[in-house]
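See structure below.
By written order: A, B, C and D. Residues from 1 in each chain.
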């Protein structure tokens, strides 16, 4: 019994290969996490357990997919970055996105009990994530994307910290706190925190203020002050790499698997982070740290 | 501190809205399930626990997304079908696909222990799934897609059943069994099973032979023999439905939530299945069964 | 000297194959025809020479591409319709659209002098057209698209006829005429024309009121009143046709080339037009008229 | 009479906006020019009239669309390049491609008689062109694209020159010439031309050997030997330009309109061409030549 009669339906599948030599960012977001955080009693404004769980899942995704260069997480979202030279799954968009979303979800669910021992999952209300791929043609724009997320982290966290301090410590109603914060700028919020509650925002936890950066650790390099081309050289590397053979790519993947995946809470807007870790933007593994 | 400096990166997100008034099939597949089934000791050729777990996860996806009409599962794959009138997530492809993949994964991981109590998950080797959306413009083609999957189920299961019987009961090596089966047709395999092992393939479990069909249960209707238009009327319903207001869509969703989601192992190639359950192709909820 | 060093740039071409088994409408529009019609002294509200030239170019496009079923033109726009079974250029969108746009432009420019002998083209101010492809999944929706264009023709032409009559025969300023027409409905405009100027709109030229329909002429068929499926049967024909072999397609093309391409000014909203010319929606050539 | 009943068909138009900040190349190709060149008696291997006509049409396209940076033509194809910062038509792919194809076709048809006074067009056999857009994410890759076309020009022209010399001057049959050339490299062909026919290929017309480069002329600049970043700076300019306001873009367009559009037959593979004309890759108009 052949299946040829119906096989024509395969012709309806349409290709979704992403443009070569561009940065691929897969951003995933928690679905309905506002409700979910209520159901499972997440602490406001930041629940360390929830963030640690996000980071643990992100680390597993990075380990599973050595083609990933870096990831950045804040709140219930995570951005995973593939290098322009990435050829994984022939750069098929749906395959890349769903693999990341599914792997992330699997580890998030599996490790839930470790981070929330006192709040077991209540089916059918399980956490889940959606995702999408976005292309960035140059390193400068990729870095602007990363900066955008970290600035967003800062803006939201300063707001939330101030709001919840006013409510939790200041005894204000949600509505009153919201109203007072309307139209304020950063310095206003810093002042409210400091003057009314003695809180120096800069002493807040770095994970809350800066988000979480996940990458492979090699030996840090000295920044090269003479370098003009701060943001990687879009003109050279990507083209060469896209021509690397399958076997070379496999070799690179093996090298990357040997590196430790670390979680950091640091500034990724300034150049320093990138200059000391040139392997992130170059896509070429660095030197493993000496034991 | 405004975020406007970097916000331009949002303009790189490209729309991925699926063509209106077409059937959307989201098919998900287990990633590396060949290896995984070895690791966790899946029984060959069919592991009832693994299929039950797939079905349990699919049922939860159907409950979570009342816009889904029907789902069909075989082995480590599942196809979920949205009606042409579906407006969920404005028909954004990545959003639809990742929501299904993530929800499915979450329930699969969460319920693993129930179905495999003696084979706990071993991180980092967690099951995961990839997925993609395919559009089918008419009901006839959608039904051909469903038939394609069920014929595939039959072909693969007959092969696998024969192969593993030859190996497990006949004591043949994998290579010898493979060689003997090369070039055989269905009747050859049926004969091997019957003559050598006394197995009547038609007595094998229907879940193995037909796969699993998941849908909302309403009162079955009598097939209308006079009906010419066997496959739903593409010309009427979809257009009307695409114009339904948000409130009407919400009402339909509520009605669908009331129906029980059932798992069936039946022929979906012939007309009868569809004629007795017209709500699947029409997208209009039927009558709830009387209590 | 091989060209392999640079050939990798070919990998940046992305596929743009249109979904199989859907109607393809290529609509082209004159670029900046408002200005152009002033420059070349088009008569308001309708310039018969300009419309005849549009139709002449459309006829040549229909002759050049026998895969086209029908075309509909109004003002400086033209819609060309490919059948769901069309496999021309493997259904590549850019190839289909640019071929139509270029062929249309070529004949429009070439024949300009025939229709505007007293207003020769003045380079660099040459007429040109842009275009795009849109997919319609069912025959009902394709017909709604055609109806949409013809209703638009009616609305615009009634407005323009009334407006220009008020200006040209009534001596009103453009502004005054515009102001008076604001908020009026069809019956108001009909009344203005009739009462003030003695014009019965229904006696205006059919080309102006109904636009131009271009198709291949075969023997008209009697409408079948018993037929339920008025709009073609989406479930049968397209699927079959998409499976037709190359040689069968070539044969169909040859048959279509034999038919005369005609320009008609008739109602295409009601069923009659389509029922008497079933070959348009079925994609199957009819009987050639007897000599 | 409102048109609302049918207006839903507009929702089937799908967006086709091209990724921001990438080079857009629109390549057009003559349709069936092999046959056409026979019909109108094009001289082999190169017909100067036909190439001049292609160039004349390309110059008009460049004048019409000041957003274009450069164009390169060879045989019956032409590549038009938009800068990454281009916002024309909101970067809609079909609009950009069809506008170029139609404008090119219009001028090609209109000027035919000037270049082929003795071979008037014979309808319906009019020349026409198809086209497509391809994205290139970095300046390096855009330059590789341009090099690819010019190398192709060289390879084809050397072959054709040798082939037709063997046939026309050597009296060989097409088949014999083809057979002898099979497997030869450049030096073999150069030798055949020189030894047998006394032809030094390097003395052949530059238009035939190098193709045609069309761009806006400003004052040439001295190459800056110290510059590291030879290929433009992808990281800076594009991002800034994409943020330029509408009015700034209009200003740039006006400046570009003032420049003369020139046709050149020069090497565009080496850096010199680009270094002396930095406005092409920067997208910023240079200094107009002094009168």
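By definition in this document, a contact is a pair of C-beta atoms (placed from the backbone, for glycine too) under 8 Å apart; a residue touches a chain by one contact, two chains touch by 3 or more.
From a predicted model like this one, the values you see are computed outputs, not experimental measurements.
Participant: Report the chain whose CA-based centre is farthest from the CA-based centre of chain D.
Facilitator: Result for the farthest chain: B.
Participant: Is the number of contacting C-beta pairs greater for B-C or for C-D?
Facilitator: Here the pair linked by more C-beta pairs in contact is C-D.
Participant: Counting only Cα atoms for the centres, state how far chain B is from chain D in Å.
Facilitator: It comes to 50 Å between the two C-alpha centres.
Participant: Using mean CA coordinates as chain centres, what's the chain B-chain C distance in Å?
Facilitator: That pair's centroid distance is 42 Å.
Participant: Averaging only over C-alpha atoms, locate the centres of chain C and chain D and give their separation in whole Å.
Facilitator: 31
Participant: Mind pulling the residue numbers of chain D that touch at least two other chains?
Facilitator: Each of 8, 12, 14, 19-21, 135, 141, 144, 239 in chain D touches at least two other chains.
Participant: If we count contacts the way the header does, which residues on chain C are in touch with chain D in the complex?
Facilitator: On the chain C side, the touching residues are 1, 3, 5-10, 12-14, 16, 28, 31, 60, 63-64, 93-95, 97-99, 101-103, 105-111, 121, 123-124, 126-136, 141, 144-145, 147-148, 151-152, 154-155, 185-186.
Participant: In their complex, what parts of chain D are in touch with chain A?
Facilitator: Spelled out, the residues of chain D in touch with chain A are 19-22, 84, 135, 137-141, 144, 228-231, 234-236, 238-239.
Participant: Quick one: which bits of chain B touch chain D in the complex? Just the residue numbers, please.
Facilitator: Against chain D, chain B makes touches at 8, 11-12, 14-15, 17, 19-21, 239, 242-243.
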